[in-house]
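Next up: the structures, one after another.
First subunit A sits with subunit B, and in the next complex the same chain sits with subunit C.
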Partner chain A sequence: MIKQNLNELESKSIYIIREAKKKFKNVAALWSMGKDSTTMLALARKAFLGKVPFPVIHIDNGIDFPETYAFREELTKKWNLDLIVAKSEIKPELSGFSCCGANKTEALKKLMSEYNFDALIVSIRRDEHGIRAKERVFSPRDQDFKWDYKNQPEEIWDNYTSKLDKKGHIRIHPLLDWNEIDIWTYIKKEKIPINPLYLSRNGYRYRSLGCTHCTVPIKSDAKNINDIIKELETTDTEERAGREQDKEKEYVMQKLRSLGYM
Partner chain B sequence: MVFKMHVYKIALLGNKDHGKSTTIGSLLMLTKSISEARIEEAKRISNELNRPFEPGFLLDSFSEEREDAMTIDTTRAQIQYKGKGFEFIDVPGHEELIKNMLSGAAYADFALAIVSAAPNEGISNQTKRHIFIANLIGINKIIVAVNKMDAVNYDENRFNEIKKEITDYLIKIGVKNRDIKFIPISAYKGDNLVEKSSNMNWYNEDPLIDLLHKTSSKKKKTNNKIFSAIIQGNITTEKGELIAGKVISGAVNLNDTVVIEPDDIESKVEILYVAGKEKEKAKAGNEIALKLDKDINVEGRVLCSRNEEIKSMRSLNVRAFFVDVPKEDKLKIKINNNEVYGLTKIIDSIDTSSGNHFSDNKIRALEAADLDINLDKPVAAAKFNSIPELGKLLFYEEGKFIGIGIII
Partner chain C sequence: MVSFLEDKNKTDLENEAKILWEDPSEENWNKFREILKRSKAKYYRVKYEKSLGTTEDLRKSYAEIFDSKYNIIAKVPIFKKVGSKIEGATINLEGLLNANKPE
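Up next, the complex of A and B:
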């Protein structure tokens, strides 16, 4: 895994977040309390020299880990975040990607129309998955949250689209160029607070975080961020190996994204 | 701790069936830059699709791409070799997708073109067009890998034939001889990818991976002596109303006097923040927030030190490449964070696949044109050869992107 130049990555992300706030009337960001979206909030604090100037949305299906809820409360207070919790419902008959797709997307759609958000900051990275590698920095979604991946707007020389489908919104992706190891190196450098589930307890830790039903821990003794970075330098497995919903057919991710699930 | 690995971005040009994906997929595997899990996943998918495993499958991720074997949009693959990082930006070859090609190539440091040596293949007009565009937007170094040498029995004559045709074309469109390198390879068989091939003893230079390594060098510094920054806009922060921008060249210090162009007004930097921290100095690449001692609107302005390169411009000489033919003379233009209108007059029309000039002065889609443009208001800009970041523009008509241009 390549460790890229953090100053370059940071500068570009700050530019993107500032551009989002400038171009859209009603920006909000998704926060899962994971390492990527928390890093995104740290970058937003740098971009605006302090408080994050837009609401932060947690799509809560009620079955996140208790540590995740505790971390949410703690950081919301510490960083004075404008937190909006959108409750989504688990349907016990669904599992895997249909569960994620159905309930989270529905909750998000309801929230978007209630608050009239026209842009949503989402912390995906290209190296997470082949499909994500194709995303644009500013990526339009129509009113049904569909992603027209065959017809993406141009992004040339830091010019990002601001054309909105009348009832749709734009997804903003400030972390596209970051690799997993860059996120951790930056977290260490900036001393960004993280969800304790990423650290090893009883020989296991979570490399990627989702809800309690679908997230599987990995064997690891990495007790601190230095250890995590060392582990990443030598690992051969993929980051999302412990996420059940990703294991289905390759273009499941593509279908998910084109359906509106982030 | 030092966080300095700049990942060199390489625009990957050439027809899909000339072996781009095979080349990069093979490099990924040979430099061990891809996990076993990804390789296994690609093998599993190719089984499901009833196709033999192809290293190129490691790159194409859209279902349509794998099932129809066609790249729709740019793909990025990163490899590490001897202390340097490289990112290949694989762009689609089809004409309808040229917008996507531009989005991918715009970030590249240099180009790698894959051209098949097989009979009836060789360099296509499409690839020449891509090379023309790459050169236009500032990618002046190019490595041409002549692929499928196994299909022509590793014949040196065939290699030289292709080399001559391409060299003649490149020189014609203005690429310097010293910035062009040719290498014979077979991506499928692994010849000259990471090891010198024993099938081509007549080729005495480096294998591809070493050639890439040698070609990557820090981008030539954009004119370090001149300070310039493009203003992104005003931002409301916890520390008050500030001006946000990006430093393009040179450096600026707290208390420096800068010139606001195109207004030609001088102002002092009172407060300076770099990436959210109060600093005394900012340099090229930094995202800044600052306060000036003059309370004027600086949206779309350029801040700079006194210099001869950055000027207030209203009338421009531009070399453009159009994706679609403009219907009118008046076009919307995005330049240096400004949206302005410009009246265009064509001076010359260029065939991008030959480098020749068309005898009529018509703008054609997917070809280049030299234009005189008169803007409805002045903007701060520089010639592309002087400060590339300040000499670029995009054309729009009826809300749609139709082309790119550089100030010559």
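Up next, the complex of A and C:
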């Protein structure tokens, strides 16, 4: 895994977050308590003098890891976050990708409609999955959350679209250009708090975090962030190999994402 | 005296776990959380029946609770009843550590 210039990545992400706040009336951010979305919040604090000036949404299906809930409470207090918890139903007949996708999307749709958010900051990265690699930094969604991946806006010289579908919203992706090792290197540099599940215990740790149903640990002796970075420098396993939803075929994922599923 | 209290906390945990299986209400989960704090519980592992194919599988899913030596001390459901619906309730295991290693 190749490390990129952190200062450049940080500057660009801060610019993107500030642009989002400037261009849209009602911005919110998704937070899963994972390393990426927590890094995004840390960048937002840098962008806005130590504050996160928009609501932070946790879509909660009720079966997250207890450590995730504890981390949520701790960081919400420490960083004085305006936290909104959107409860999503668990529909067992849709287990696996669909459970996370369909149910969380429904919960998010209700919330977006209730609060009238017009922009949503989401912490996906291009290197995570082929489908995510197709995303734009400012990515429009229509009122049904559909993504027209064949007809995306141009993004030339950091000019990002602010054109909204009447009742749609824009997804803002400030971490698109970051890769996994950049995130960990930044976390180490900025001393960003992390969910303890990322660290090894009993020879296992979680490299990517979802809920208790769809995430499995990996074999690892990485007990601290330095160890994680060393591990990533030599691994050839994909980051999301332990996530059930990513085992769907790529074209299926793309189709579902274009229809509005997360 | 200490041994008596430890045994009492363990019994309370087991009893409350049984109550939760019969009635996983918000009220019973709150009582369970209080007992869990006083107990020797340290780790948890969540187990799902098959792949959550039906509501029944969901109801059968549970969390094993272990002491510091990985002895099982209780098994609890991981959902609560909210009216006629079921909601996930793993938040009630806050304070415990994931057992991490797969079986």
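Here is the rule we go by: the second predicted complex is superposed on the first by the 262 of 262 C-alpha atoms of A that agree within 3 Å, B and C clash if a C-alpha of one lies under 4 Å from a C-alpha of the other, contacts with A are read in each partner's own complex, and residues count from 1 in each chain.
Just so it is clear, contacts are C-beta pairs under 8 Å (C-beta built on N, C-alpha and C of every residue); 3 or more make two chains touch, one makes a residue touch a chain.
Note that the structure is a prediction, hence the values are computed from the model and not measured.
Taking subunit A as the reference, the larger set of touched residues comes from B, when subunit B and subunit C are compared. Contacts of A:Asn159 after superposition: subunit B is touched, whereas subunit C is not reached. Of the two partner chains placed around the shared chain by superposition, subunit C is the only one that A:Leu197 touches, whereas subunit B remains out of contact.
In the overlay built on the shared chain, the residue A:Gln143 is in contact with neither subunit B nor subunit C.
Within the superposed three-chain model, A:Asn5 lies in touch with subunit B and out of touch with subunit C [touch as defined at top]. With both structures placed on the common chain, the touch criterion links A:Asn26 to neither subunit B nor subunit C.
Applying the stated contact rule after C-alpha superposition, one finds that A:Arg45 touches subunit B and leaves subunit C untouched.
Once the two complexes are laid over each other on the shared chain, residue contacts for A:Tyr15 go to subunit B alone; subunit C is not touched. Contacts of subunit A with subunit B, set against its contacts with subunit C after fitting on chain A, share not one residue. Put simply, subunit A touches subunit B in their complex at residues 2-8, 10-11, 14-15, 18-19, 21-22, 45-51, 53, 126-127, 129-131, 133-134, 136, 149-150, 152-157, 159, 163, 179, 185, 189, 235-238, 241, 249-251, 254.
On subunit B, the positions that touch subunit A within their shared complex are 1, 3-7, 35-38, 41, 45, 48, 59, 61-64, 66, 72-76, 78-80, 85, 99-100, 102-103, 106, 232-233, 235-239, 242, 244, 246, 273, 275-277, 285-287, 289, 334, 392, 394, 399, 401, 404. Subunit C meets subunit A in the complex at residues 44, 46, 48, 51-55, 57-58, 78-79, 85-102. Considering their complex, residues 60-67, 69-70, 87, 89-90, 92-93, 95-96, 99, 197, 201-205, 212-213, 216-217 of subunit A touch subunit C.
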